[in-house]
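Some structures are shown below for you to check.
Note that chain A is present in both complexes that follow, paired respectively with chain B and with chain C.
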Partner chain A sequence: MNDTRHAPIRRIVVSVNGASTDPLVVEYAATIAKPTKAAIVVLHVVEIDWTLPLDGSAAGLSEEAQRILDIAEASAERVGIRLEPVLLKARNVGAAIVDEAAAQEAELLVLGLPYRTRFGGDFVMGTTVPYVFKNAPCTVILVREPMPEDGA
Partner chain B sequence: MIGGRRPLHGRKLGDRRVRVERPHSAYFRYTGPGQLTAKATASAPTTPLGRAWASVRHVLFGRQLSNEEEAYERLPKKLALPIFSSDAISSSAYATEEILRVLVIGGASAIIFSIPVAIAIAAMLAIVSTSYRQVCRAYPSGGGAYVVARENISQIAGLIAAAALLIDYVMTVAVSTASAVAQVYSVIPQVYDYRIEIAIASIALITIGNLRGLREAGLVFASPTYMFVGLALLMIGLGFARIITGTAPDVPPPSDAVAMGTAPVTGILLVFLLLRSFAGGSVALTGVEAIANGVPAFKPPEAKNAANTMTMMAILLGVLFIGITVIADTFNVLPTTEGGPTVVAQVSAAVFGDGSILFILFQAATALILFLAVNTSFNAFPRLAAILAKDGFMPRQFSFRGDRLAFSWGIVSLAAVAGVLLVIFGGDVHALIPLYSVGVFVCFTLSQIGMVRHWNSSRDSGWWWRAIVNGGGAVLTFVVFLVVVSMKFLDGAWLVVVLVPTLVAMMLFINRQYAASARQLALRPDQVMTAPDREERVVIPISTLNRAVVQAVNVGRSITDDVRAVLVSDEPEMAEEVREAWQRQMPGVTLVVVESPYRALTGPLLAYLDVLDQAWPPDTEAPITFVVIPEYVARHWWERILYNQSTNRLRTALIGRPNTVVTQVPYRREEPALFDRTPGSEEA
Partner chain C sequence: MFIIVVGGGKVGYYLTRELIEAGHEVVLLEKTRARAITISDEIGSVVLARDGSEGSALAEAGANRADVVAAVTGDDEDNLVICQMAKHHFAVKRTIARVNNPKNELLFRHLGVDEIISPTRMILGSIEQDIPVHELLHLADLGGGDLELIEALLAEGSPAIGKASADLPMPEGCTLFAYIRADRAQPVRAETVFREGDKVIVIGPRDCEDALHGTLIGTEVEAGAV
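On to the complex of A and B.
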């Protein structure tokens, strides 16, 4: 595990999922990366159902998934940052994010979380964020989008 | 890169992930469902020659800019002022002289009118610039007089204004460059022999500057303009201080001063002189309309910024022009014959002191701004041409923007035409000047009439006083137009009077062509097109049997089963050899040999296609004939001369033939694998 308490950050993994938080996450990571010129890997994981082969053809899923990364790449370029996009297929999104962050030797993992509530008003976090918080080898920053005005 | 397409194992048992390739990412970006946006790498050259040319362009013009960077290229007011106003502001350097040069003929009794004439011109400048301020706000998409006249008078009036302006912009480049070079060789006479080369070089430099993009050109050209304005204002301030304190010097007339008339001029002759001096001084107004043409080049709010820049330019020009004229009049400065010091040079020498640093700096700034005056045309001409091209009155290429978002076609065309003019007229200012500043008054008049009609129909608040201002301006500028044309007609202005209708006719012709092709290509909105149900046949012209031909036959077979090769030959023995080989090596594909005793190749093939058409059952829809031409791809540019000459001729002959599609099948030397297989190896 990398100790990020003192050493400058050199590699950041940013996870995007096509949600409204994507630009926020990329810009936030860019702000952190700029002073130390840290490399940013932007990651999108496509969850593949257990009924389908994991290593089958990627052609069917490519366009929408690729677009999520391309949009992230474009928003990074707008703030003057280049990033390395990585597209993954996996059974478990949280596990793939954690494993990729470890493989990339990331010192920081940045995730986004849209502000969602379920019927009854309880805040929804889903399963990926808690999994990453529990298992990520490095520092994790969660960027939650601002609460909608009518949700306050 | 970590991994490949094989699954990567995670830290926990059963956690696996697979990387998905992103083959598009080097060249494209997905921006929407079914929508890709090309990256710069997609248009990067792939051949060594292309790469070399791209490097040259990168050095000369800078890196490619994307459309998204257009907003950054927009001009703030402080850069727009020098870019669009260098022509107008620079004319303060010679407008006073144009007035004095005429009035001096009438002697002292006429010269006293120099200030009233300058004030009258400044009043006209105020009216014209007020009018163009309104044009900026009413027509924020740019286009100036052309758009105003087109929208409010008629299309022809708009085209007349556009043609007059285009001619004037070309003339501005030619005249300003020639006159700036004249400033140089009046100081360094040895330069005279190279005046055309220097003129062409300076146009080339300004062309490159403009091709580098609006903002960069603005940064390059801003400092000389501000230097001239600053020093001229300082000169006027110091000059006025001396007038107020009563220490104004009486400048002794130079030895080469124009001889002043002695007989007092009165009556009709005085009116004539005043009109002529008014027309002469009115050159100060050329370039005023450039801002109205280029409103979209401004930073938002475009119209407001353009209108304010217009006012700033008019105030600066008015102050400089009246200031220099008042000082010249009070200091008794007289114009000189050709080669002598200019009026503005005498004024600056009197104010700053002859030979002083400020004097030298001011002279240098004057020469520079005269060189840069052409820059206004380099911005206005391409913009106007782009608007005309979008409206279908000029070739569409003029509306395309180059690597740096500049209208490259317009810029290069302007430079080329102005360069040719300079060569034809031998770089002589006096030969060019009669053609100058005629067109600008045509479009002033048309735009003012257009604005009167605009106010009359819009009836916005205060419309009536605006209409009165524009109406008065229209009358005034029309009078000046008549004066300018009548004074310069025989000297060469007749050429402009001929050129404007010619250009208008050309633009109408282009528009008719585009309109006709658009009509022919148009789909009715209610039409829903279904897949065609027509038969196809393939004809492959060959000269022998080789790998390229085999490839073409294979492509033909993928289109339809009706494939035939046609050998047009003037050598029966050779044709027989090809037939024998064909039957042996290409079983199942028809070969038709057309003997051509008159040695023609294209004609007999076309005739054969006609015969095929005529042989088709008349009650059935004609089939689509695919002419599949085998082609050998040359590896180097020089090899292209050696190959495919007859196929090029054939392709040209077939373009436009009804129901015919020409398909070229290239054979590349790098792909021989198919033919290198030995018989039986496929089964192995």
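On to the complex of A and C.
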């Protein structure tokens, strides 16, 4: 089995989606990046459904996407690092994150997961996180939001 | 071009893969979730695990902007419903249906499916070209099925043997336009005299087959011969 514990991390892809975990994800990635001066790419994927062409204009979505990236950059500035923002449009967020991590030749992919439960109390993981876990070519760190004090 | 393929069997899978490789935008609808995931793992996130015979699934797949909808499930009824919905509800420019039972072809045409692909008919045609099962061989439909291309083998006893093309009493609407002699196709001219073993290509309406049989084959037509 390959031992990757000491592989130097030079490039980190951080996926943000406008959720409450975004600042947490950026700060966590910054903590890892600082000692090795690794570059951080902050990625936001806008999911476009099949009723619209992928190369068409997504009015309203672009502004929201820019706002999400701005918040991520502000979080990074607070901890003294710079981010390289990337905005993508795709049919499937998970596939786009995996493809971008591969294209960036990232050694680490960091993404966040808000603590959400369904009616009845079951924890909700969604579809993107399992897809990325299964398909990402690099190490993946999932930053789960702390459990709310009322137990969700 | 944006193409919706419905049915993720062997045909749908390879069709989708080829279309993607050709640079088209494609979405595949496959109702069996496990199969949809398998295909998605192999060719990427272009698969929706939905039943394409439901209008909501076609809407989700973007039928409103599709250039082509190809219904290639193994079920003729589903393929017909999919094409009809695509054509009449979403105004898709071109619908293509796979027809498994050749007896359903006419129904598909009458109900407005733009193009019909019948693997059964193709294989049958290919077999008949080598071993003529009937004297008149249906080669292709033209103009949405109004006209057809027919090949007739002039065997011993054919009333056309020894006659010039201009002297043959061709049925109304039928035209002789080529013949094949010694594996060489040649255009039919007024002075062309037919010989035993010639294969004659005719364009004509479907309902002229019986009369054509009398002119070129010369015997009573068998029921359902073509």
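Throughout what follows, the second predicted complex is superposed on the first by the 144 of 152 C-alpha atoms of A that agree within 3 Å, B and C clash if a C-alpha of one lies under 4 Å from a C-alpha of the other, contacts with A are read in each partner's own complex, and residues count from 1 in each chain.
Keep in mind that, in the parts below, a contact is a pair of C-beta atoms (placed from the backbone, for glycine too) under 8 Å apart; a residue touches a chain by one contact, two chains touch by 3 or more.
Because the structure is a prediction, the values reported are computed rather than measured.
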Contacts of A:V79 with chain B and chain C, given as first, second, both or neither: neither
Partner chain(s) touched by A:W50 [first = chain B, second = chain C, both, neither]: second
First, second, both or neither for A:K89, with chain B first and chain C second: first
In the superposition, chain B vs chain C on chain A residues touched: B
Partner chain(s) touched by A:I141 [first = chain B, second = chain C, both, neither]: neither
Residues of chain A that lie at the interface with chain B and also at the interface with chain C: 54, 90-92, 95
Chain C-facing residues of chain A, complex: 49-54, 90-92, 94-95
Chain B to chain A touching residues, read off their complex: 2, 5-8, 10-12, 14-22, 24-25, 29-34
Touching residues on chain C, where the partner in the complex is chain A: 2, 25, 27, 44-46, 48, 59-62, 64-65
Chain B-touching residues of chain A, taken from the complex the two chains share: 45-46, 54-55, 58, 61-67, 69-71, 73-74, 85-92, 95-96, 98-100, 102-104, 135
